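Quick one: the structure is below, and I'll ask about it shortly.
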Amino acid sequence: MASKAFAIIAGVGPGTGASIARRFAQTYSVVLLSRNPDSFEPLVKDINSSGGHAVGISTDVSDANSVRAAFDQIAKQFPSSVLAATIFNPSGGFVRKPFLELTEDDYSSSLKLQANGGFNIAKHSLPLLLQARGATPHPPTLIFTGATASLKGSANFASLASGKFALRALAQSLAREFGPQGIHVSHAIIDGVIDIPRTKAWTFEHEDAKLNPDAIADSYWHLHTQPRTTFAFEMDLRPYIEKW
Amino acid sequence: MASKAFAIIAGVGPGTGASIARRFAQTYSVVLLSRNPDSFEPLVKDINSSGGHAVGISTDVSDANSVRAAFDQIAKQFPSSVLAATIFNPSGGFVRKPFLELTEDDYSSSLKLQANGGFNIAKHSLPLLLQARGATPHPPTLIFTGATASLKGSANFASLASGKFALRALAQSLAREFGPQGIHVSHAIIDGVIDIPRTKAWTFEHEDAKLNPDAIADSYWHLHTQPRTTFAFEMDLRPYIEKW
Amino acid sequence: MASKAFAIIAGVGPGTGASIARRFAQTYSVVLLSRNPDSFEPLVKDINSSGGHAVGISTDVSDANSVRAAFDQIAKQFPSSVLAATIFNPSGGFVRKPFLELTEDDYSSSLKLQANGGFNIAKHSLPLLLQARGATPHPPTLIFTGATASLKGSANFASLASGKFALRALAQSLAREFGPQGIHVSHAIIDGVIDIPRTKAWTFEHEDAKLNPDAIADSYWHLHTQPRTTFAFEMDLRPYIEKW
Amino acid sequence: MASKAFAIIAGVGPGTGASIARRFAQTYSVVLLSRNPDSFEPLVKDINSSGGHAVGISTDVSDANSVRAAFDQIAKQFPSSVLAATIFNPSGGFVRKPFLELTEDDYSSSLKLQANGGFNIAKHSLPLLLQARGATPHPPTLIFTGATASLKGSANFASLASGKFALRALAQSLAREFGPQGIHVSHAIIDGVIDIPRTKAWTFEHEDAKLNPDAIADSYWHLHTQPRTTFAFEMDLRPYIEKW
């Protein structure tokens, strides 16, 4: 049976998204959105078999129709539950190239995934989060995942930085509009390499040089539990040896 | 006869773009890009009749094909000239609305104009600016026009802020990639109401409360004249009475 | 008997400092520093009578000799304990005036309390925190309390802003020097009115309009528990209705 | 004979200060403040012998009495002139060391020179700048010289960063208080090595790798000439090859 409140994690692979899903699944039912079902299926099984409740929906967050269909399905599956939190956490979707080699599609890929994706997920989540006020233990929460490139544009990173800057603009705009309505909108800046299967082989001079996705998830959970008197908008997370 | 160097002003109406065009036309031939010929025709006549040289090309900066066609025409009209500066200055193109009333098209309008527009203009300008090194009195220059919303997302401004944040990310990425190659990439933050025909009726308690577009143009020209030892990336411009 | 690890809270009154002290006293012995013993005595009694262990030492953090004497006393009282965390949290000490009415003493008051005070406390804490590595459940931690004025200088706030900007500079410098050595240095930006006895009478249109000091303390504790793979340097905290 | 308007340059050595002095001396009488007369004497002679008018006054900007005496002398020497601009540009005065080796005097040196120095110079300049409104060709101007360390605290730079952050806080506070009164307060961020006698021997892989002090002076002059409709608060200046 579904619990009375659920959380949506948009962007779930074997890394941060999976850790966030597991952390929020300790308290809520979780809905996992990812384009490729391979990204969420093992996780859905894992959570369901260990006492939690997870549902996966194949969704392209950058496509408004796909997101609408996902939220229609969510409405059917959770008819009497409230949305406690949405985490927007898609990764990839950008091209790292010298600017003169970057095609318009390369450049737009990050804008579509991060800015339009963030827009689509926020657009469908906010009405549900507004309805959830008073019915959840913590203020309804919308967290966006940022990166080093949210604060700094660099050579070869025009694509990623444009998408991540735009996503931060969206997050700030929503925090200033929906904060006073009791919704906690946050933006986390993940500054460093995350310790996930894809980065397994990347070695560093020092141990513990990669961000721990479970620790990121703990910080997201902490943000979610803040009362409305004391909302954090932004937190930066990086390994102790990271240059910044 | 065209002078040996020319400047492109992308985004020309009766305001800042016109002042920038007149200022750069004191030294260079100028190419004025605007979607609607009505925006540049009076200015082209005015500059040409007062001893300058101006050409207008109807261009939608957010459309890669339109920008390509414009640069093809530029190449034909200025076969033996070098590009001294490009100013990216399109305005408008965003929708100011409460977030839940914002359609995806509303939201994307600013991303398309500012981010994709900036990308298209930079993509075609940079090869010409690189060729111009050594052949112009000042380092070849690419200036982007930002706004208050380049630094801050606000309620009802998700569309504008997302586009302007993305444009600043693009400008930073290009400054860090092309600065070391001798191209001066700058980003000006225009923070306040500009004194243009559209804002004529807006009155303020104090006089001189609106930005003077000719003074903005003087600052852009100053940026252009900086030697490569001493490049400014960013300058914020606002009226003395502006709250910030 | 003192526990094996202790925390120092520099700047303890009836507000945030007291909440931080109570939160950290759930796990550690706590040393409370304040100029006036009246500021810590009730709190010391309260913590000691409810199963914790607290010691108060009258200290002027802006006076290097006073801070040295306090740390000498700490060394005697905790001969076999390790320092798990220091929180630098002094408040007040600035003068809000039009600039032309501000005396040099007015202006310097905040620099002395925040910048020199932060320096003194960091200078004596860091050798102890370095020694504590490996002997505490969480990475040894040094947290500085910032304010709105840490990021923005405003009319009539030259004194406070200069001190708080300087404190943030100190915190960043220490984070970049001691982070790679395994010390977690953080800076929290408290943006809004805190709900303490002094602000009891300040009323707002909306309920829950003041920061809850216990919630601030929970966030400081969260920062302290982050593993070195995943350190936050900065977090901003404000009430949901705060304009920013 | 002294011209009808004068400028004060506080902090004059053989580098940026000298270039600024020469640039402003093209239009105004200039008063050069430096602790050591050796720093301004050759420059005073040079300006006076080439048709300008310069006066040097030995002044310790960090000492309120010394600054008061300097302004008393200025009042006597320029009884019927108005103050068009003050440039606060002292350099040095900080200690670069690992934090645990930094004494309190080391740490305070930069706070005293930059923060207290800036306070002293602003305190005495602002009443004169307010009087000058309407009597000078450009809005009366107060420019502060910042550095890389104005925006970022780094390992071994706690002293410099604390002073420069505090100076920026002062500049922002004054801009927001005196801007609406018609005074142009600006802060320039000099990010890189300046090409002065002291750095002659520092070589770089690329040519033109150091900031040109005359070009810095040109940008300060440009700031000074901006009308009150279009004030820049901040401009960053760096060599084209600088990493940032």
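For clarity, chains are labelled A, B, C and D in written order, and residue numbers in each chain start from 1.
Assume a contact is a pair of C-beta atoms (placed from the backbone, for glycine too) under 8 Å apart; a residue touches a chain by one contact, two chains touch by 3 or more.
Predicted, not measured: the structure shown is a model, and the values here were computed from it.
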Same-site or different-site touching of chain A by its copy chain B, using the half cut: same
Distance from the mean Cα position of chain B to that of chain A, given in whole angstrom: 34
Distance between the centres, which are taken as Cα means, of chain C and chain A, whole angstrom: 32
Residues of chain C engaged with two or more neighbouring chains: 176
Chain contact topology (line, ring, star, complete or other): ring
Pairs of chains satisfying the touch condition: A-B, A-C, B-D, C-D
Chain B-touching residues of chain D, taken from the complex the two chains share: 139, 176, 179-180, 182, 184, 195, 206, 208-212, 215-216, 218-219, 222, 225-242, 244
List of chain B residues in touch with chain A within their complex: 64, 98-100, 102, 104, 107-108, 111, 115-116, 119-120, 122-123, 126-127, 149, 152-158, 161-178
